[in-house]
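I am attaching a structure below and will ask some questions about it afterwards.
Lettered A, B, C, D, E, F, G and H in written order, each chain numbered from 1.
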Amino acid sequence: MLGPSDLTVYLSGEIHTDWRDQIIAACETVGLRLDFTGPVTDHGASDDCGAAILGEEENPFWRDHKGAKINAIRTTVLMEQADVVVVRFGEKYKQWNAAFDAGYAAALGTPLIVMHPPEHTHALKEINGAAQATCETPEQVAQILTYVQTGRLSGR
Amino acid sequence: MLGPSDLTVYLSGEIHTDWRDQIIAACETVGLRLDFTGPVTDHGASDDCGAAILGEEENPFWRDHKGAKINAIRTTVLMEQADVVVVRFGEKYKQWNAAFDAGYAAALGTPLIVMHPPEHTHALKEINGAAQATCETPEQVAQILTYVQTGRLSGR
Amino acid sequence: MLGPSDLTVYLSGEIHTDWRDQIIAACETVGLRLDFTGPVTDHGASDDCGAAILGEEENPFWRDHKGAKINAIRTTVLMEQADVVVVRFGEKYKQWNAAFDAGYAAALGTPLIVMHPPEHTHALKEINGAAQATCETPEQVAQILTYVQTGRLSGR
Amino acid sequence: MLGPSDLTVYLSGEIHTDWRDQIIAACETVGLRLDFTGPVTDHGASDDCGAAILGEEENPFWRDHKGAKINAIRTTVLMEQADVVVVRFGEKYKQWNAAFDAGYAAALGTPLIVMHPPEHTHALKEINGAAQATCETPEQVAQILTYVQTGRLSGR
Amino acid sequence: MLGPSDLTVYLSGEIHTDWRDQIIAACETVGLRLDFTGPVTDHGASDDCGAAILGEEENPFWRDHKGAKINAIRTTVLMEQADVVVVRFGEKYKQWNAAFDAGYAAALGTPLIVMHPPEHTHALKEINGAAQATCETPEQVAQILTYVQTGRLSGR
Amino acid sequence: MLGPSDLTVYLSGEIHTDWRDQIIAACETVGLRLDFTGPVTDHGASDDCGAAILGEEENPFWRDHKGAKINAIRTTVLMEQADVVVVRFGEKYKQWNAAFDAGYAAALGTPLIVMHPPEHTHALKEINGAAQATCETPEQVAQILTYVQTGRLSGR
Amino acid sequence: MLGPSDLTVYLSGEIHTDWRDQIIAACETVGLRLDFTGPVTDHGASDDCGAAILGEEENPFWRDHKGAKINAIRTTVLMEQADVVVVRFGEKYKQWNAAFDAGYAAALGTPLIVMHPPEHTHALKEINGAAQATCETPEQVAQILTYVQTGRLSGR
Amino acid sequence: MLGPSDLTVYLSGEIHTDWRDQIIAACETVGLRLDFTGPVTDHGASDDCGAAILGEEENPFWRDHKGAKINAIRTTVLMEQADVVVVRFGEKYKQWNAAFDAGYAAALGTPLIVMHPPEHTHALKEINGAAQATCETPEQVAQILTYVQTGRLSGR
């Protein structure tokens, strides 16, 4: 009671596992009223959107550039609308755009939850320092969001 | 007529008496359309949320830290959404987070109503100086909110 | 078509004639979808609200002060929510709070419409200089709002 | 899924062809949930609004001035509400207000899509440099908006 | 010691008496390091600047308009640079631009000192409600600025 | 006296005549203390900077893009630092970046002076509507800046 | 090298011990270039400033109010100018204005250092959660500021 | 001429090569007037600052946390003061804090220059999409800064 009735949560970062679905399902089970948003998770579409819509490019830099900027339209809108940003760092890839989103959220003053495997603790220390919570599993994110909206801890 | 149809009121501060319920009930009696929000008022949950979700800590400083930052997710979201902030200082405890919320509201330019027993007048003078109204009872808060939304003074 | 579907208009200034009702009625006739807001127009309630809710004061300065700050809660909330601010200067009184609201709107970058009798042109030149439109009648305000929302000029 | 459920798109610039209708129709075909807004596209009303509502002017500069500032009420409100701004430069006229809107959007940090014939590439290089996408047809704009909201590329 | 070493004070309002010079002289006597700024106090120049530089106008409204907007360049720059704004209301004239400046300062969150004769207390209650101090004489303004910069009260 | 001691003026727009030098010289004659800034006025350098520093491009769109974005670093910094923006529209070219800068200044709330030949009055009406002054000659700009800083009208 | 050459540090909170002097002396010893600011630490002057300058009040609430708002002029200016805010909580008093300043700094996004005795850890957990560092001694604050400006740790 | 006389450039990212010194030396050779800032580049001090000043921690997470937040004081101050941010991604490590700084700069609207080896083009496409320039060598950064401040291209 008295928690935020409207809460928009942006789920940023790693796109190759189903962590977003796990969070969403866990929150639905508890009956939370949340709007979840996130980047385009179809890796191929995300890479190709610039060339597919605006025309092919020979130079890979500009091909990427066109796609990245179209993706940035969505990201910018959603980051500005978000009340809370969750960023997940996975095991693979450089994931610099996840860290970029974390910096963007920090500059906006939007509360930030970081999820990553324990072996990344040292490498992510600056980002964890800017976050309100650091955790390892989708269940923990769902528990945090449950607590933020309802004030209830699961299992009590 | 012509008052704010949507008005979100954050009720900050003391969590050991039912002052929030009194304000809410009094406003419902008059038929106001307000969204009330507030911190988690289950003292135990508020203290334990960090350790319960993110894991226990031996060092009490970090145990408190984890909980405080999870609570800050909720507080930050609700403070940014609030049109009016009410802060109550009670008889007991240090209540520094109540004063912290008052400073936060003042920096955002959000109108501030302070409620406290008369013996705290001198100690709260800076915060009262930043407030739009200082009062002592939940009824007075309800009357202010009634006037702000409807333009009517009770008893007229 | 393609105009702003949600438009909140704050009607500031003179409270002794029915100019607000005229604007609202004229806009309803045309079928506009507008939210009109404004200050408390019950002069007695506006003057007495501080003393009535927070207790009487012997010193007239503080009696006025308490009332003015409670009125400021409403004004601040509504000015921040407004998409357009209309300020009317009438024939009588100093009306400094009307000019104060105009300055407040200008600093926020909110579009400003000023309505006043022609004899005030020179005295209001700075405020007209900050306004998007200066007019004399409620009908003109309604026509401006009609045009802003629908793109149609009346009589065409 | 997970895209922005509410997305307001301001369609700025050239008013003599039906490019706005083409974008709107193409987005409706795909079933997008978008709010489209734009300037008044009735050229005569746009030129005459000031004189028609506020009174005629002998001096053409002031006649234009009154109209431009009333149009600015609408433009300012809609630009502040927009999540994405699309600016089209056509073949004719100076179209300085289109470029003005692009600069306004850039300063607000609102994502910008520019649509123009290829012969304007060099003259529009600064504006394209500030944009997230440059394209030539309404279909491309609709495809970008489809991708931004749904994450889907047409034809896949 | 430890006060603000650089402090810019904008002196707004009445331009027909030497209250600005009295404040400046009193602050210099105490050895304060302040930058005082203010509007153009040459009434004739202030009224004529638009017509003199940009060309005469037959219509008095536009003559005033051109002048008012050139004055607004100076006012806007100085209001944005000011750390403290002092607004004086005198005995005569409507002085709506003084009240406009007070509203502008309030919206920016800039501390505001209001100086006026006691008979204006009721008419200025909203503006006093937004101010940090209300006083009657230039000496009091100088004493406030002395205290703000040095922490010392005169006569102690 | 009491005018802005530090005043940074960004001179945007047309780069093929010596209008900037005329304004600067006229202001120096009067002894003003102004910091003038502006875009790179070496047309060749401005067009080539991207390719020269970051490498040539076959596609003219990307060649322009690289240059435009490097120029945007300078423009962005200077627009954010400017207290006043002057935009000149000349006789030739599309000059869309001049209009873009005007929109950028308007969104930031920076006072804007527009200079253009009289035949552009109708095409520039929206931009003039957002400006504090519209004039035709560098001398007029210098007179405005003189008045803004010193409060003196030339010839008096 | 490469640290912030200009750094303004506001020292908020407890005014009955010489902790500010200890920090300043320790930083001067290391040769830092810092501007330290803080509230008026003459308790009597701070309590009396309103009554002494603006006139006595019978009602203690208003006597405090006038003083608190004059003190707020200084605090507001200095908090807005500060790059870093240090807040010390001592053993005695309610110290709500210290907590208010911490909340104000947090809302502005200004880095915050909190200094307090260890027994206050639980009561200050929300404020420590919003801070970049929590420490117990002036020497630690000086070491943090040394590190922030020079990148050097003492004793290395 | 007419470029930014004061320009503060934050050099973020990789700390194991002397790329910062190369940029600074190249800019000094040309005679630029720039203030360069950056993070603490002494890796050991950067890792240990929290434990050294605030006390050791058994848990590596909290040891990192204390250090990261003290480093964040410096980073936050410098990022807010910077006119331009340069971010270098090297060959090794995760470098998530470099990407975090890029996101922070993007959210603030500060112009961004990215420097990285060509093999990172695809992984950095989102960050390059948010940047004003992407390059590979310190010489290119120095040439960009030279052009931004002086308008001159080297070798012309």
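In this section, a contact is a pair of C-beta atoms (placed from the backbone, for glycine too) under 8 Å apart; a residue touches a chain by one contact, two chains touch by 3 or more.
Since the structure is predicted, the reported quantities are computational estimates derived from the model, not experimental observations.
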{"item": "Chain copies touching (chain F, chain H) - same or different residues, decided at half shared", "value": "different"}
{"item": "Contact-richer chain pair [A-F vs B-C]", "value": "B-C"}
{"item": "Equivalent of G-H within the choices A-B, B-H or A-F, defined by over half of its residue contact pairs recurring", "value": "A-B"}
{"item": "Inter-centroid spacing, chain F versus chain D (mean Cα positions, whole Å)", "value": "25"}
{"item": "Distance between the centres, which are taken as Cα means, of chain G and chain E, whole angstrom", "value": "30"}
{"item": "Rounded Å distance, chain D centre to chain E centre (Cα mean)", "value": "41"}
{"item": "Residues of chain C touching at least two other chains", "value": "69, 72, 109, 134"}
{"item": "Chain B partner contacts - residues on chain G that touch it in the complex", "value": "60-61, 64-65, 67-69, 71-72, 75, 79, 89, 93-108, 120-130, 134"}
{"item": "Interfacial residue positions of chain D with respect to chain A in the complex", "value": "2-7, 83-84, 109, 111, 113, 132-135, 140, 143-144, 147-149, 151-153, 155-156"}
{"item": "Touch list for chain G against partner chain E, complex", "value": "11, 20, 35-38, 40-42, 45, 48-50, 52-54, 66, 69-70, 72-74, 76-78, 80-81"}
{"item": "Interfacial residue positions of chain D with respect to chain E in the complex", "value": "57-59, 62"}
